[in-house]
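For reference, the structures are reproduced in the following blocks.
You will see subunit A twice below: alongside subunit B first, and alongside subunit C after that.
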Partner chain A sequence: MQATICQTAVNPSLFSAEGFVGLIFLATIALIVVGALIATTSKRLVRCVAGLAVCFTGLAGAYYFLLSPFIAMMQMLIYVGAVSIIIAFAIMLATPENEDTAEIKGAGLAGPLGFSLGALFFSALTILGLKTHWQVFPRQGTGNLKQIGTDLLTRHAMVFELISIVLLMAILGAVVLARKGRD
Partner chain B sequence: MDTSIWRPILYLIGFMAFAGVNAAWLGWAERKGAAHIQRRNGPKEVGPFGLWQPLADGIKLMTKQLLIPSGTDDILFRIAPILAMIPALTSMVVIPFSGNIQARSIDMSVLLIFALASIGMFAILLGGWASGNKYAVISAARVVSQSIAYEIPMLITVITIVMITGSTNLQDIALAQQGGFWHWNIFRLEGGHFVYMWIAFLIYFICSVAETNRAPFDMAEAESELVAGYMTEYGSMGFGLFMMGEYLNIVVGACMTTILFLGGWGSPFGFLPGIWWFLIKIYILIFTIIWIRWTYPRTQIYKLLNLSWKILIPFSLVNLLVTAAFIKVF
Partner chain C sequence: MHLLNLYNCLQTYLVIGALLFGFGIYGLVSRRTIIGMLISSELILAAASMNFMAFSRFLAPDPATGRIFTLFIMAIAAAEAAIAVSIVISVYRNYKSIDTEDIVDLHG
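Moving on, here comes the complex of A and B:
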């Protein structure tokens, strides 16, 4: 079903299947943008995390539209289910509520500077995106679990092992840091 | 693929009805079960055996004023109970109630259900924090540590099932266990798994009870320590939605246990497979969960975490290794 999305009519009716799918696609993009805006503009940290979770959910939808449902599920499971929750947990443990944020030197500059840099980056990416002649590559693999498993343990075995070493080091580091407080 | 518009609409109505009826009458079943376990009568005034009690409760909850106490984060406070309902309702899409009663049979339905379950945890976390109540915040913190601790052994145990079946599709997992109880994953004869699969079942069942925040693992609610935990500040339908979400999570948990270990919609003796067996199995599991709640006292949070990190996770890892070895050998 998903494979046909990009190849069908240019202007499908809103009530046809393609039109509806397009609407859902726009909704996921809106979810990403709105989530990111909440995450960056909200004053309360827990709302920021909630916005981040919304953004991650939208990203999961985007992955689904990119024909990788497995990554989409993992995005939900790991980023929404673990990463945002750990962040929220850390915030709840660390900061007292409604505490006034400390004054940082030159904090007034941060807004305009960030905005202009962001605008620069955005316009550069837009120009790049519009000027480049995009090649459509044929789809590689089916994106299903079997394919991903085989690829991970053959073609990308090295990366896979490296990632597990990095994670192991992170776990050991966390254990060492946590043990210091005990004695 | 059937592209008729009626199929999704009919399934939507059906699942909504199933979810609503379960959410309402499991509350009745729990009160009745609790009462009989404690030698009381339970609800008996409204209708025969108090069967209309859920309707009366529903009307009462819906007519009460929706109070938003000052000092709460009002947006998150409103969103949290809705979020608590979403995962359980959405999970119904991929659950195969029988060979042909399933809204969508997608390839990664197991993953989808666990991915959605994390939203439920988020609901409790946000609801607890947004209440601006110390008890609620403690409860939210407990929910997070508990859910993360129990998700690990649960997922590892599910991986063993996926390895045995060779599929992450719930329909395939149910299909692989058809034709008599000796094919069920819990006492599977072929491949020598029967020796220890009941351990995997126990780990999974304990984790699913803990994941749905049920006693003896209901550290988030813990009325003797935390008033009512994350639900302290909620009244009227906000509270109602949290309760419905809890019961629906139990239903989804029982469905998953049934599909993964108890043969899904297959009959125990090989004849007449169908949705009735599925319903019988899930209600036996749900009754067991209610029974456990009213039999065992609540544990303490550190004991709960110790149970997961020191017992269940090592056991599930060993289980995974042994399963891999069995699959390789046989």
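Moving on, here comes the complex of A and C:
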């Protein structure tokens, strides 16, 4: 196995500041795993959305550990604040009252098939990530908020405009689709 | 790689991304309702942006690129969620159900 890529290789003591930060990161990982587990295995759809919000909160913490608090804030705003809420609205608007269960398919073999597919992808990607010899390139940019803003409007300006058009189309399409059929 | 130093290692974030992707695939295959499948697809998108962020932190020469693409993934996910939710509401109006077993009119 190749050597792991770590910024620092020391083992911090449990009672130092770095050790405490490591404990917080372990709690973040626990949030992500528990949230994803609830989101995919819970029987009620409302609990699935709550698990999704917990998972996204943990991901925001992980982005904070990846040295970009701006992306962590955007994660909280967009995913936890907007996407989870819009899915919760969908559950409230479009679920039959007597059966708001989302139970795993009973009769077919979709449950075991899905589990084996997920386990296959997880193990394959994990082995790939651990075995590959990653090459570290020397740093050129700082990656701070100012550089992100400059790059958005210079190097990635085309993609930025395309994303704007996609969002506009999504808004129009959502309005047209959801408005049709209303009496 | 020590337990309390995990947050400084690239492989930790790659394993988290793989875990999210596996959960997403499992939910996408095994869920019975459209909303459950939508939730699982959000997990898959989150796994992709997790990998972008990890590589931009540890490997890439310019860390801003990975962060910008994470922002793009967030915008795509928001648009996808809005469209999917309006489709779900439209399907529910016509079929009174969001179960994938009931929406089989095109089944041969």
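Here, the second predicted complex is superposed on the first by the 148 of 183 C-alpha atoms of A that agree within 3 Å, B and C clash if a C-alpha of one lies under 4 Å from a C-alpha of the other, contacts with A are read in each partner's own complex, and residues count from 1 in each chain.
Here is the rule we go by: a contact is a pair of C-beta atoms (placed from the backbone, for glycine too) under 8 Å apart; a residue touches a chain by one contact, two chains touch by 3 or more.
What you are looking at is a predicted structure, and each value in this text was computed from that prediction instead of being measured.
> Quick check for you: in the superposed arrangement, does A:Ala17 touch first (subunit B), second (subunit C), both or neither?
first
> Now for A:Ala82: first (subunit B), second (subunit C), both, or neither, which partner does it touch?
both
> When the two structures are overlaid on chain A, which partner does A:Arg47 contact: first (subunit B), second (subunit C), both, or neither?
First partner only, subunit B.
> Please tell me which partner, subunit B or subunit C, touches more residues of subunit A.
Of the two chains, more subunit A residues are contacted by C.
> In the superposed arrangement, does A:Met92 touch subunit B (first), subunit C (second), both or neither?
After superposing on A, A:Met92 lies in contact with subunit B but is clear of subunit C.
> Common interface residues of subunit A with subunit B and subunit C?
Common to the two interfaces on subunit A: residues 70, 74, 82, 86, 89, 93, 144.
> Taking the complex as given, what residues does subunit B use to touch subunit A?
Checking each residue of subunit B against subunit A gives 1, 3, 73, 75-76, 79, 106-108, 111-112, 114-119, 121-122, 125-126, 129-130, 132, 137, 140-141, 144-145, 147-148, 151, 168.
> Going by the contact rule at the top, pick out the subunit A residues touching subunit B in the complex.
1, 17, 44, 46-47, 50, 53, 60, 69-70, 73-74, 76-77, 80-82, 84-86, 88-89, 92-93, 97, 144-145
> Which bits of subunit C are touching subunit A when the two form their complex?
Contacts found on subunit C: 1-33, 35-36, 38-40, 42-43, 46, 50, 53-54, 56-65, 67-68, 70-72, 74-94, 96-98.
> Which stretch or stretches of subunit A touch subunit C in the complex?
For this pair, the touching residues of subunit A are 4-12, 14, 18-19, 21-23, 25-26, 29, 32-33, 36-37, 39-40, 45, 48-49, 52, 55-56, 59, 62-63, 65-68, 70-71, 74-75, 78-79, 82-83, 86-87, 89-91, 93-96, 102-105, 110-111, 113-115, 117-119, 121-122, 125-126, 129-130, 134-144, 147-148, 151-152, 156, 159, 163, 166-167, 169-171, 173-175, 177-178, 180-181.
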